Each structure stands twice: as C-alpha cells, then as structure tokens.
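Heads up, the next two complexes both have subunit A, just with different partners, subunit B and then subunit C.
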Partner chain A sequence: MTRPSFFGLILIAPALAMIAALFLYPLGFSLVSAFTVPGGGFSLTHFEKAIDLYSTDILFTLFIVILSTLLTAAISIAIAGALTLGETPWLIASLRFLYRWPLFIPFIVAAQCMRTFLAKNGLMNNSLVAMGVLEPLQTTSFLDWRGIVITFVWKQVPFVTLMLAGAMASIDRATIEAGRNLGASRLRVLFEIVLPQVTQTLLVGLVLSFVTMLSVLSVPMMVAGSQPTMMTVDMAFRINSYGDYATANALGVISYAIAGAVAWIYLRHNVKREVGA
Partner chain B sequence: MTTDHPLTAPRVAGAIPAFRKLPQTRARAPSASSVRWGGYLGTILKGLGLAVFAFMLFGPLANLALWSVAERWYTPFKLPVTYGLRYWEVVFRPTGDAMSSLATSVSIACLTVVVALAVSVPAGYALARLKLPLRTLLMIVFLLPQAFPSVAIYINVARVFYTLGLTGTIPGVVLVHAAHGLVYSVWIAAAAFAAVDRDLELAARNIGASPLRTFFTITLPLAAPGIMASAIFVFLESLDEFTGTFFVGVPQVTTLPLLLYNASMGGNYQIASITALILLVPSVLFMLFIERFLKADVLSKVGQ
Partner chain C sequence: MDHSAFPAIDIDRLHVSYGSQPVLHGVNLSVAAGEFIAILGSSGCGKTTLLRTIAGFQKATDGAIRLFGRDVVNMPPEKRGMAMMFQSYALWPHMTVLGNVGYGLRLRGIARDEIRQRVAAILKMLNLSGLEDRKVTNLSGGQRQRVALGRALAIEPEILLLDEPLSNLDAKVRIQLRSEIKSLQNRLGFTAIHVTHDREEAMTMADRIVVMDAGRIAQIGSPKEVFDHPSSPFVASFMGAENTIALDVRPAADGVEVSVENGRSASWNGSGVMGPVTAYFRDDVASLDDPDALIDGSIILPGRITQRTYPGGHYRYVVAIKDRHFTVTDDRYHELDRAVGLRLPLASLHLFPTLETPGETHA
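Right, the complex of A and B next:
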C-alpha cells in the first residue's frame, strides 16, 4: 500500500468529527455517568440500583427481543425460501409484491397501527368474530408483550427477507437443481443446500434487527401497558420523572452489553467460518 | 433487488449430465385423478396461506385508514358508526398543529439532508478513491450510531446540548438526525463514487482538465443518482425519527412523529391515524421506487 492520502483524511475529517461529537462523546459521557459517583471515583452502585429496580424489565426486554428475532428468522426463511424454491408462479409473484410493504414504515406508525389493530375491539378480533372463528366474549387484547413482539416481527421481517431473498437469488442455481434432481424435497433443499450458503447474510440481518428492536422507544410505549416494560421506556422514565441520569445510564450500559454480546456471537461465528474455510 | 429466475429452468432429471444415470424417482407420477385433487387442495391451501399473510400485513394499515375517516367509533360496533372527513379538515386547517408540525418536520429533514451531504460527499469520495489508513474501521465508525442502542446515547446528547443551549432548537434536532443518517449518506455516497468508471476521469485528465474540474464535470454528475438515493434515505430517516427528537427536541420542537405520539397517548386516534398516514406516504412511495434510485451497480458496492 502506498502512502495514505493526507488530502483524503482532510475530506473525511468533518464527517468523523460529527460522529465523534454526536456519538462517541455522549457514549463516553454515559459510561462515566454510569460508573462513577458524584464525588468522583469508580462505583457500581448505579448498577445495583438499576438491577434492583428493573431486573424484571431487563429480563422482559431480553425475552421480547430474542423471541422477536427468532420469529423474524423463521418467517423470513419461510418467505425467502418460498420465493427461491417455489414452483407456483402466481404465489411467488403475490408474495414478492406483498412482503415488502412494511419495509420503510416508521416504527411509530407501525406502533399506532398495532395499537388499534390488536386492541380488544380492534380490526383483528372484529374480523375473527365476523368470520365466526371467535365468540365476542373470547376476544382478548393483544396489547402486552404479544403486541410488542407482533409489531417488531411485522416491521423486521421485510428487512431480513429482502436481504435473505437477495442472497438466495445469487447462489449457484445448479446446487439447488442437483439436490432436486436427486429427489430431495424442497424443504430439505432449503435447509441443507440453500440456507448454509446464506447464513452470513441471515446473521447480519438478524443482528441488525436485534439491536434495532433493543433501541426502539415508541413501540413499547405505545403498544404495551406500563408494567412490565422494556428498558428503553425505563430509561426515558428515569430521565423525565427524576432527572436520574446515573441509573438511566447504568441501564444504557446494560443494553450496550446485550448488543455487544450479540455482536460477539456474530463475530465468533465469522472467525469459526474463516478457520473452517 | 432480487432477480427472478425463470421458473422454466430445466429441472427434469438428466438436465445435468452427472445425474443422468440416477433413478428418476420424482418423475414417476401417481394416478392422474389423485394428482388433480392434490393440486386443487394445494392451490386452496396456498391461497388461504396467502390470504392470512395479506391480512396480517394489511390489517393494521386498514385499521389505520378506517380510524382516519371514523368520526364516531365505539365498542360494540365492528366498523365506525359515522364516517366523515371532519378530522382531515382539523389536521389540514392552515392554523392547526399538524400543519406547523409538517412544516417543522420537512424543514428539519431538508436541513438534515444539507448537513449530511455536506460532510458525506467529501467523505464518500475519500473512502471510494483515496488511500485511507484503517479504511474498514472508518466505514464501521459511521455504522455505529445505527448499530447501537440509541436511547442511552440520546439522553446524553440531550444533556450535552442542554449546556450548549441546543435542546429544544431546530439546529440541535438537525444535528442528531444528521449523525443518525450519516451511515446511509456516507456508505451510499462511497458506493456511488466507487461505481463511477475511473477511465472517464483519466480521459478528462488526459485532455487537460484539472482534478477539480474533473470532479465537478465528470465524477459528481455520474455519481449523482446514487447521492440522490442517499439524500432520500437521509430525508426519510429524519422525517420518521422519533427517539432523538423525543429527548433533544422537547418541548419546543414538535415534529410529525411527536405529534402522532402525543395524539395517540391522548386518545385522539383520528388525529394520530391521519398523521401516521401522512408519514406513510413517502415511506411507501420510496419502497415502491427504491430500485429506480439505487441501481444494482451502486447497490453491489454498498458497505465495501
């Protein structure tokens, strides 16, 4: 490699400065605030308080985000698999037209949609009653953890499917044909031939979805009731009601740790793959 | 983005020479009538599955649309009691909250695009064409604000901004949105510059154009569609942004997402639904036309 371009560094400097000022500096600020007491000095008291008050919510957040990620993975694999291996042209065409709709719909709009759709008297229950699937007295509101999970999956499936279907379309078609010709069912071809070739893309999509869902504030606030709730809502509550930055930042650091753990799982998979290759 | 494979691809055994000698188990068909009935059943099942899928996909949006035209809708009724456009009139009244929020949102989004492009066009060019140390690391740095739990970052940005007098101001919100959108603008701008044919620049230099002239008459116009796509991404990202505005913008800056949130939490579902529909329009248009803006040659270079 030749000498790095000094001019290039000047060109990229303003963008880097912006990230430093608006991301790295606040990040450092949150770490300092979480790990020190007002007099100065290292302390874990804020974490004790955060875990004391919000351990249920931390577990609740983990449960929601992990469940949503798993469901997103399952549904995305099903749709992308149907798009790649399907043999019914009209089904593929309609699926391809349909699945992308929520892709760029903002979380807050999705939350408002679900807030009405999943309510006890929302369109979902009303339609099921009208079709005779449910009795009016059997209807329940889904506006709790199930509502959050449904909203997340609704919003993230198109994103993961788009990445996955793109990756599946670019794998060597001959490998699929070979499997089919040898008599393997389409399901077997999907899991034994197609998926192993696109694991990388699937993982990237799922990791990004996981972190996105971990960071969303509007959905848990609008879709679910107050208790239990997700960590993002607790952080906003600590700030807006008590001005308690220390505990909020301790919760923030816990959410960094969760995101970091997921990124680590992803990186470890990558390293393994490279060693294996 | 996804390419269609012709469904007529040869799938009969024997299409691939290596498998020609294998027993053709799949080719041996059961009796004709059972195939036909199996076919009908399969079609019905597929249709049903598709219907359920479409219902889960569009049901929430249909409910939103219904609420926007429902003047009265209460519990025992499955559909609105009276329909009307009264709330649309309330929202689009020139003096209403919604119109001022829309103006705030659009001006913040435009300013965000200007700020983001001003820093990311040079950065994208440098990443695509010039030698930079630790290039991969630099690319990842721009991804961080998106790939990190953002609430904890925003509460601290708000705290820092408070000491600078930037909370509750448009410039404060613009800065937060621009930092969040940089990953799109920098990555897509870098991909757009990387997709420009280097020979064209060299040809311009050969016939005596200065580097600056080459950039402005050759490179920039050729990369313009990609940069346009990144501008749209940043614009939409800013228009839809809720969390950052929630912490940095309150109480003076009310964008459409904040208006939606306040209306919804206040139980005014009509106003919330109409605001949501306004936010939905650019998102859906973009979803339908993204492939026109983001050509495959640029797309294949994103993130590299």
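Right, the complex of A and C next:
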C-alpha cells in the first residue's frame, strides 16, 4: 500500500511546503538566533540579558494577560448566560445585537478610542463628572495597566462570547429545563448545568484570547506608553532602536513558552476529559 | 398544609399563544390528588404546550393554574415544586447517576451522606442498584430514562409531569417502564400528567384520558368511556374508529330502522341520532357473514374479498365494498374474490350526524 500514501504526499506537498517556508523556517531561525552567539556556539547570554533588562515587563505581561483572560471569562459567561437563560425578549435581542460590535474593530483602532475615552480629561471622566459621580479634582487617567486590561477585555469578550453562546445554544434545552423544574435558580443552572457542558468551548476561546493578547503590540504601545510595559513593546524596541534581534528573539522564546504552557493546560484538560468519558 | 380540600391541579380557562398565534383556547381541567391523567392528541394539538405551561416553561396569556389551591401561573418553574420527565431524558451528561438523581436533594440543602442513602434507596426501587458512580452517558436508553425517573422522584414530588418519556425507547423497554411508572404511582401516590400520542399507552396507564384537538379539550373521561362512547367524530377516529360509512336512521314501530345507501336496512332497538348519520367503527367490530344474511341489530354490506394475509392466530381479509376497502379478521379460510357480507353490529358503531359540508370525505 505504498502508492496511495505516495499520492497523498504529493497532494499535501504544496501545503506542507508553505508551512515549512513561511512558518517552520522563520520559527526555527528565531529559535536558533535566540540560543546562539555571533561566533556560532550555544549560549544563554541573550536570555540573561532579556531577563536582566525586562524581568519586570515579563511579569507585567503575565499579570495583564492573566487578569484580562479572567475578566474576559467572567464577562463572557455573564453575557452568554444571559443570552441562553434570559426571559426578556427585547433585552436578549438588544444584547445579541450589541455584543458583537468590538469583533469588527481592529486592536489599533480600539486602542486609539480608549486613549480618548480613558484619559484624565477623557470621555469617561467627563461623563462621570457631569453626572456628579466624581469631582473634577478626583479624576485620574486610566492610561496605564488598567487601560490595557480594559481594551483587551473589551476586544476579546465578543469573541469568547460568540463561541460560548453558540455552544450553549446547542446543548439540549431540556437539560436546562430539568434543572429549573427540580428547583434550581437560573444562576445555579448556569454554573451547575450549562457551563459544565460547554467548558471545552470556553477553554478554547480563552486559550486563543490569551495567545492573541500576548502578541498584541499596538494596545500597550498606545494606551500605556510608560514603564513597565509588555514584552511585545520591548521586542519592537530592541529591533527598531538597536537592531538587536538576538534579545528580541530571546523574549520571543519566552512568549512561546508562556503560550505553550497555556496550550499544555488546555491539552491536559482534554486528555482528562477523554479518560473520564 | 391541608391539601385535601383542593384539586392537585386546577386549570382554569387557560389561554396560551406563541406570539400572535393562539395555541390553547381556554382549557379547563381539574385533576384530583393521586390521579393519573393522560393527555392524548396528535402532534400540534397543544398537549405539550399545556404540559409546559403547567411546568412554567411557557407563559400563559390568560387563565389560572392552581396547584392545591395556590395560583402558580406567574411563578417561575423552579418555584412550582413539580418534577418532570422529558422525551430526550435530559440527563446531565457531566454528572454521574448519583449526581443526576441527587441534584434535586442537593438543591434542597440535604447533607451529602443522606443524599447518598436516599439515592441508593431510589436506585434500588428502579433496579439500578450499584450504578451510582456510573457516567450517565454509559447507560442504555432504558436505564437513562429510569435514572430520569429516579431524579424526578427523588424530591418526592406531589406532581409528576411526563412529556412523552417513553417514545424514544424500544417496544419491550417501553412496556416494562410503563408498568413500572404505573406501579410506582400507585405506591407513592403522586399525581401524574402524562402527555402522549400513543393511544394504548394512555389507555393502560391513565385513570382518565383527556383528548385534545386544535388547542381545545375534545373529551375527558375514563379510558373505557372515551373508547366506547367518543363524544365527537374526531375522538372516535382518534381512538381507532377510523372506518366510516354513511347510514340513514329513521324511526320505526319497534325502535329504529337503519338503512345503507344501497337500500338494505336493518331494524334496531337502539336509539340516538336520527336522519343521515356517519358511522365510525374500528376494524375489530366487523366480521364476515353471508352476503344475503338478515340479522336484527346488524347491517350487512355485500362485498368481495380482495386480499388475505395470515398475521398469526386468524386470517386478515381486505373486503372491497364498491370502491371502499375494509379490513376484517376471521378464523376461517376463504378464497380470494369470494362474495361475502361485512357484518357491522349497530351497537358497536359510533353514530354522528353527517355534516352538510361539501367535500366531506367518507374514506
């Protein structure tokens, strides 16, 4: 049976070549560049330098991305749950209409909007002052870590909600009704009956969001210019200002490692589920 | 709380609409405590809507639903304190058998150990002992529906709603579970409302049958009443009397004289509707006789045998009378194409005045 596999190889060869040329080669190249010195030998100097200069930023990045992922999860569960279990038709209809909008707005535009919205004299503070919630002297700028988190969550909630609401809509409605029939409130139904049936989808959405947020450059650059900042900004800085690809690549490898750890958590959950089933 | 003074379920002029489409047009039904009611009807008649409105999953547009005298029509489903079984079982796939059956008890704040004990007792009652820690996805259909029954009964409900729970099961398990539910109901004394489109299931399980047609109750009565004395042509044909013939009933010296289109007639000491009537009858009331026989109280329709099958125990014949075909069973063997008389005892026919509407079909 060698012939079919040979033809199969020919069929997938163009796709394989594309992956090799456009993904595997640059990836391998940056990995090699992160672990070698100009002379050619293996070395961890770039990592030492990266950690020496940017360990705060690495921790800051982790903090921002983990916090944003958690907030995204909480808000997405709330919206998808309201869409699935809500009983007020007009409210559900307007929520369904509104929540997807940020999906179609690029990160850089979102960051730009947030700059004017969250600034010390931005729309948010001006509105709060006008409503009498804040005194003009109490206003502070949100253009720091809070601004990044708000922008990330604002941008990623629709994506996770879209996946989650779709998964919730496809579970057997009777399982929801059986829960309420036995006396469970809608909140308990959401957390004890609906959510456990869609954990898989929620995890996929959150892992994808996590990796996306980890790699966004425009938001930390535009929303919070000052130190500490996120690793993507540091990488751009190393390359643009110093032509220092090696340290940038070392930071890149650390990013891979963080993304890889999250993917590992997701895969482990999958395996556990399959064993349990 | 003294329950005895009130019916378990009292439905009062219940109207339900989907948007602007009315589905239930003023349903009145009173169910005594401990009674087993079957709601029977073809699909789209509103029987499932009625059940879902009782459970609280469908909002009523008008009317009242009183459980032991307490109006629940605006109450959310979780406050109504009923239990329900679903056609799709609706077990929670992420929980074990213990988790499913014990969930209602957990909601009521009962301690873990006691839940385990009570679930074990229920599983024993349902012949599922030892399956506590099994995933529900690893059970057969019959076992799943038993777990669903256990989950419903675990909270010791006063009212159990059954939404066609047996229709996804194969015939043998269905009949077995049917008698199990019935005997549990006798033992535990809960009130049950069972929605089904299966006539035999309704007949064998229910104390009273409610036949629904197009969002209204067509007839309420014991299985025997509804079967023997259908109140309308719809109920008659729904209960299996699907054959019709046109007859003419006139007063005679001794009772009435009933004549068929072709001029044959029979005298009968029965009474009831007069004039042109449509007779509804089930296959099993007809029998074969001599085409020229004259029997009081029965009419004979002459025809020919066109088909013969042997399903076991007796022969089944198709008899052609003019352009109509009737099925009849007989113990004797007859040749095809033989002239026979289809004998219909008048007492077993359901007679309703023929409607004067054009396009009335007699098929």
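In this text, the second predicted complex is superposed on the first by the 261 of 277 C-alpha atoms of A that agree within 3 Å, B and C clash if a C-alpha of one lies under 4 Å from a C-alpha of the other, contacts with A are read in each partner's own complex, and residues count from 1 in each chain.
By our rule, a contact is a pair of C-beta atoms (placed from the backbone, for glycine too) under 8 Å apart; a residue touches a chain by one contact, two chains touch by 3 or more.
Here the structure is a predicted model, which means the values were calculated and not measured.
> Per the contact definition in the header, classify A:Ala178: touching subunit B only (first), subunit C only (second), both, or neither.
The answer is both, since A:Ala178 touches subunit B and subunit C.
> For A:Leu9, using the defined touch cut-off, is the partner it touches subunit B, subunit C, both, or neither? Pick first, second, both or neither.
first
> Under the stated touch criterion, name the partner, subunit B or subunit C, that contacts more residues in subunit A.
Between subunit B and subunit C, B touches the greater number of residues in subunit A.
> Examine A:Leu103 and indicate which partner it touches, taking first as subunit B and second as subunit C; both and neither are also allowed.
first
> Which holds for A:Ile193: it touches subunit B only (first), subunit C only (second), both, or neither?
Only subunit C is touched by A:Ile193; subunit B is not.
> Mind sorting out which residues of subunit A both subunit B and subunit C touch, each in its own complex?
174, 177-178, 180-183
> Enumerate the contact residues on subunit C facing subunit A in the complex.
Residues 55-57, 76-84, 86-95, 103-104, 107-108, 135, 137, 148, 151-152, 155, 161.
> Could you pull out which subunit B residues touch subunit A in their complex?
Residue list for subunit B touching subunit A: 1-5, 7, 9-13, 15-16, 18-19, 22, 25-26, 43, 46, 50, 53-64, 66-67, 75, 78-79, 118-120, 122-123, 125-127, 130-133, 138, 141-142, 144-160, 175-176, 178-179, 182, 186, 236, 239-240, 242-243, 246-247, 257, 260-261, 264-265, 269, 272-273, 276, 279-280, 283-284, 286-287.
> For subunit A, which residues count as touching subunit B in their complex?
Where subunit A meets subunit B, its residues are 1-5, 7-9, 11-12, 14-16, 18-19, 22-23, 25-27, 29-30, 33, 83, 87-89, 91-92, 94-96, 98-118, 121-124, 126-127, 129-130, 154, 162, 165-166, 169-170, 173-174, 177-178, 180-183, 207-208, 211, 214-218, 221-222, 232, 235-236, 239, 245, 248-249, 251-253, 255-256, 258-259, 263.
> Considering only the defined contacts, which subunit A positions touch subunit C in the complex?
Result: residues 172, 174-175, 177-185, 188, 192-193, 196-197, 276-277 of subunit A touch subunit C.
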